[in-house]
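Single-structure report; data block below.
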Amino acid sequence: MTWDADEIMTVTAARSLAGRTSCFVGIGLPSTAANLARRTSNPDLALIYESGAIGAKPTVLPLSIGDGELGETADAVVSVPEIFNYWLQPGRVDVGFLGAAQVDRLGNINTTVIGDYAAPAVRLPGAGGAPEIAASCRETIVIVRHRPRILVDRLAFVTSLGFGDGPGHRAALGLRGRGPIRLITDLGVLEPDPETCELTLASIHPGVTVDEVRAATGWPLAVRADLAVTAPPTPAELTALRSLTRGGSVA
Amino acid sequence: MAELVSLAEGVAELVHDGDTVALEGFTHLIPVAAGQEIIRQGRRGLTLVRMTPDIVYDQLIGAGCAARLVFSWGGNPGVGSLHRFRDAVENAWPGPIEIEEHSHAGMANRYVAGASGLPFAVLRGYVGTDIAKHTTTVSTVTCPFTGEVLTAVAALNPDVAVIHAQRADRRGNVQMWGITGVQKEAVLAARRSLVTVEEIVDELDPRPDAVVLPGWVVSAVAHVPRGAHPSYAQGYYDRDNDYYQAWDPISRDREAFAKWLDEVTA
Amino acid sequence: MAELVSLAEGVAELVHDGDTVALEGFTHLIPVAAGQEIIRQGRRGLTLVRMTPDIVYDQLIGAGCAARLVFSWGGNPGVGSLHRFRDAVENAWPGPIEIEEHSHAGMANRYVAGASGLPFAVLRGYVGTDIAKHTTTVSTVTCPFTGEVLTAVAALNPDVAVIHAQRADRRGNVQMWGITGVQKEAVLAARRSLVTVEEIVDELDPRPDAVVLPGWVVSAVAHVPRGAHPSYAQGYYDRDNDYYQAWDPISRDREAFAKWLDEVTA
Amino acid sequence: MTWDADEIMTVTAARSLAGRTSCFVGIGLPSTAANLARRTSNPDLALIYESGAIGAKPTVLPLSIGDGELGETADAVVSVPEIFNYWLQPGRVDVGFLGAAQVDRLGNINTTVIGDYAAPAVRLPGAGGAPEIAASCRETIVIVRHRPRILVDRLAFVTSLGFGDGPGHRAALGLRGRGPIRLITDLGVLEPDPETCELTLASIHPGVTVDEVRAATGWPLAVRADLAVTAPPTPAELTALRSLTRGGSVA
């Protein structure tokens, strides 16, 4: 079976949820990947949505984080204050799965504004649940399409913290979660350098060249010595993904 | 005990020019009909509060009802931007709009503090982000037991909260179920409240995942079938995803929006 | 995912000498059988936490399991005093017991803070009373927005929480309904948790007023029918009011209690 | 119909709930009176119990504040944290209805200990919900049997605040509720003096003398110039009360 760039991105993201107990699912691409994980690598994964659905098992891909399907299939539905205070904040969720308008080389996320805050070039939707998902989940995984205007050197506005200014910054701020352990794009997978926390290329998707990835990255991208090639999507993964997205794509 | 009123009466009585108004509903049970009645009655200078301003707030902002927006995520879920909101923020059209933004966790806790009669709430949030730089309602507080510094957010106590629910009984007891978001907190935090409902029934039989607001904490209840359209009311109708898609070209274009506004206010 | 265990295994694995243990259940669903299993296994030096220590804590205290009690109301509801508790406090029998007492609002908020991963909670409470004079876990905090001084209580994070629920499924998801008190908070605040249930079922069908704890936040589930007796389990059995009455003469008398203890541990 | 001292106490207490919207009901005697009010003077009264039952309409008198009957007949059942934080604390409840082991002349309540705290003569159950009920309800009403060891001059331990040290004390502490507006006993009704806040005799039950009340009070009891005689229980009130308590009395 052939597949496109978005498909290998989503499949790769879904694979990285294998072995996890619980995932706090952001709106958009993360939701597709998390739902695919439940159909492939991790049927027992507890999906948690900021709308209050815990253990949602939607049969069709939700279009929003508050679809009726989420509540109706969940193990429990709680209030929005409770989902943040009792479930996210104490650090009991394994993985936070986030999208972004922009990510910088240290994994920080902007979903607020492009340009000056007071007189913005582009006003984005804002923070939503992301700042606390990024702060409090044991680990976070970020999924974005790989474009120079998305993977940028430095953010003008930090909506959600990755590694902040670099090593030690999260700990100094008292954050408990490890931060972004992986950035998954339609070209490859970036992982933080253990020393500098800078996102470096760990894996490229089949058919993609390192130069293409570099050209699509807004900073001089370092490449790991042990650079891997992502395993292509299996027919089972693609079948599951396509049956999931047949109802409509997610913005 | 809540008064049973028409939607027009409820908005006229409870929502005044210059008020701080929270229309809440997290994807589900969004009080869209009430928002459009506020447009129809020409309210001005409102501080609009809502965690997830979506189409109904795009409409209120485009119609010029809002002087200020307090929010945590503004978008057309599953579609993209709110263009009336962006036009107001980016180009001050139809007028300037002041914004105050938070994270969801912060907004939720601001309502919790408001509902609890406390001036602030404590959370682990905002740390290391640029959000707190642009608002005076995020600060810090030190734990008197451990010395740890935590984030504090100021309570939200709107003048009026507006929500939509599935049902009420004739005494104004309100019942909603499914994803119920932050609506209980919004009503309990507000000085006044208006609840639109799909149905008025004799008896509220118990339902799983139901939240009941007794009539004595609600100011008025209005019977407004399909009052959450294009969002959904579990047990009554599904989300009208086409409406969300169709809103995008209307919202993108000032003239298309003006035409939409004429139709709504006609 | 919660492990399915026998009650004896659950207590042996999860409750250790010297632990801080919270058995919660507000009149309804009190984990009495689990408390008596703790007695049977001879745990010592426990810090027992419970908003409403009643008969089961009278039994644990009389049996000498407790070094310390953290609570907000200790009595035999509808009957009178807990005489084993009083004998421990007034006469240090069977050993001295340290007490730390709070109001219900304070205890509830201490669990909320614990469940929320915060070191303290803010409330309007204790003001003008003598309660705070006898504990180090009540203090004050100043609102960074208004300057108002409020009460702070320290978070409670027990080593282990023990509760009783109506049902669990085979994957350890727990469901309880009716008056569910502070049990969710106790489990989420604790490092470990043991839930005894009336029934293990294949599927937890939704119920009004139900609270569900997913199996991944529960350490172990034990099938213990009538595990809340003499309290009640809504949908299963009523409160055994005669047992509460009959406890009074047993509790009043050290010898009668010793005989009761012999029977329970036989 | 004839009646006894406990009956007129309960009937008088129930009457004082006429016209109120909501009542936070303490354990014991207050619960009997509040349930009687729902059957006589105030059928619409919303009874709120600290167990989380809001708008309970029990058909039999509850033996505890967490009886199944309370939850099953309530408009809503919420968690214990919620009942205190969202319902009691903001001052939205009209009346707090409390019992006590001891009350002093300024309406302060002790339910903790008789004697020294560290080496008590009698260890009482403790605070329960009372301190915050007394602080946060718009008004409180206290119901106790009239004995010199119960109505005492000064408390060794204040569990729940009445008027504290006297006028202005509640306001100085930032408490929003007015405090105890009435103390109802089996001999009469005491109300705070508008100047001094001291509880004074406002009404005696039929057949009771002022001297008897004074002898049963642990401080020199002032008597209001307009001292009233409590209206005797009506047959309807007594019938309702007896049908309520037939199932068993409340300690």
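By letter and in written order, the chains are A, B, C and D; residue numbering begins at 1 in each of them.
Everything below uses one rule, namely that a contact is a pair of C-beta atoms (placed from the backbone, for glycine too) under 8 Å apart; a residue touches a chain by one contact, two chains touch by 3 or more.
The chain list, named the UniProt way, goes like this: A, D = 3-oxoadipate--succinyl-CoA transferase subunit B; B, C = 3-oxoadipate--succinyl-CoA transferase subunit A.
Being a predicted model, the structure only gives us computed values, none of them experimental.
Chains that touch both chain A and chain C: B. The interface holding more C-beta pairs in contact, when B-D is weighed against A-B, is A-B. Between chain B and chain D, the centres computed from C-alpha atoms are 40 Å apart. Rounded to whole angstrom units, the spacing between the C-alpha centres of chain A and chain D is 56. Centre to centre, using the average C-alpha position, chain A and chain B are separated by 28 Å.
Chain B has residues 112, 117-118, 123-124, 148, 184-185, 209, 211 in contact with two or more other chains. Touching of two or more other chains is recorded for residues 85, 89, 136 of chain D. Under the touch rule stated earlier, the contacting chain pairs are A-B, A-C, B-C, B-D, C-D. On the chain C side of its complex with chain D, the touching residues are 26-28, 51-52, 71-75, 77-82, 85-86, 89-90, 101-105, 108-109, 111-112, 123-131, 134, 148-149, 178-182, 184-185, 209, 211, 232, 234, 238-239, 241. Of all residues in chain B, those touching chain C in their complex are 117-124, 137, 139-146, 148, 150, 152, 154, 206-210. Residue ranges of chain B in contact with chain D, taken from their complex: 1, 112, 115-118, 173, 184-185, 188, 204, 211-214, 216-217. Interface of chain A with chain C (complex): residues 21-22, 44, 46, 54-55, 75-76, 85-86, 89-92, 136.
Of all residues in chain D, only 27, 50-53, 63-68, 70-72, 77, 79-81, 84-85, 88-89, 112, 117, 119-132, 135-136, 157-161, 164, 169-170, 173-175, 248, 250-251 touch chain C in the complex they form.
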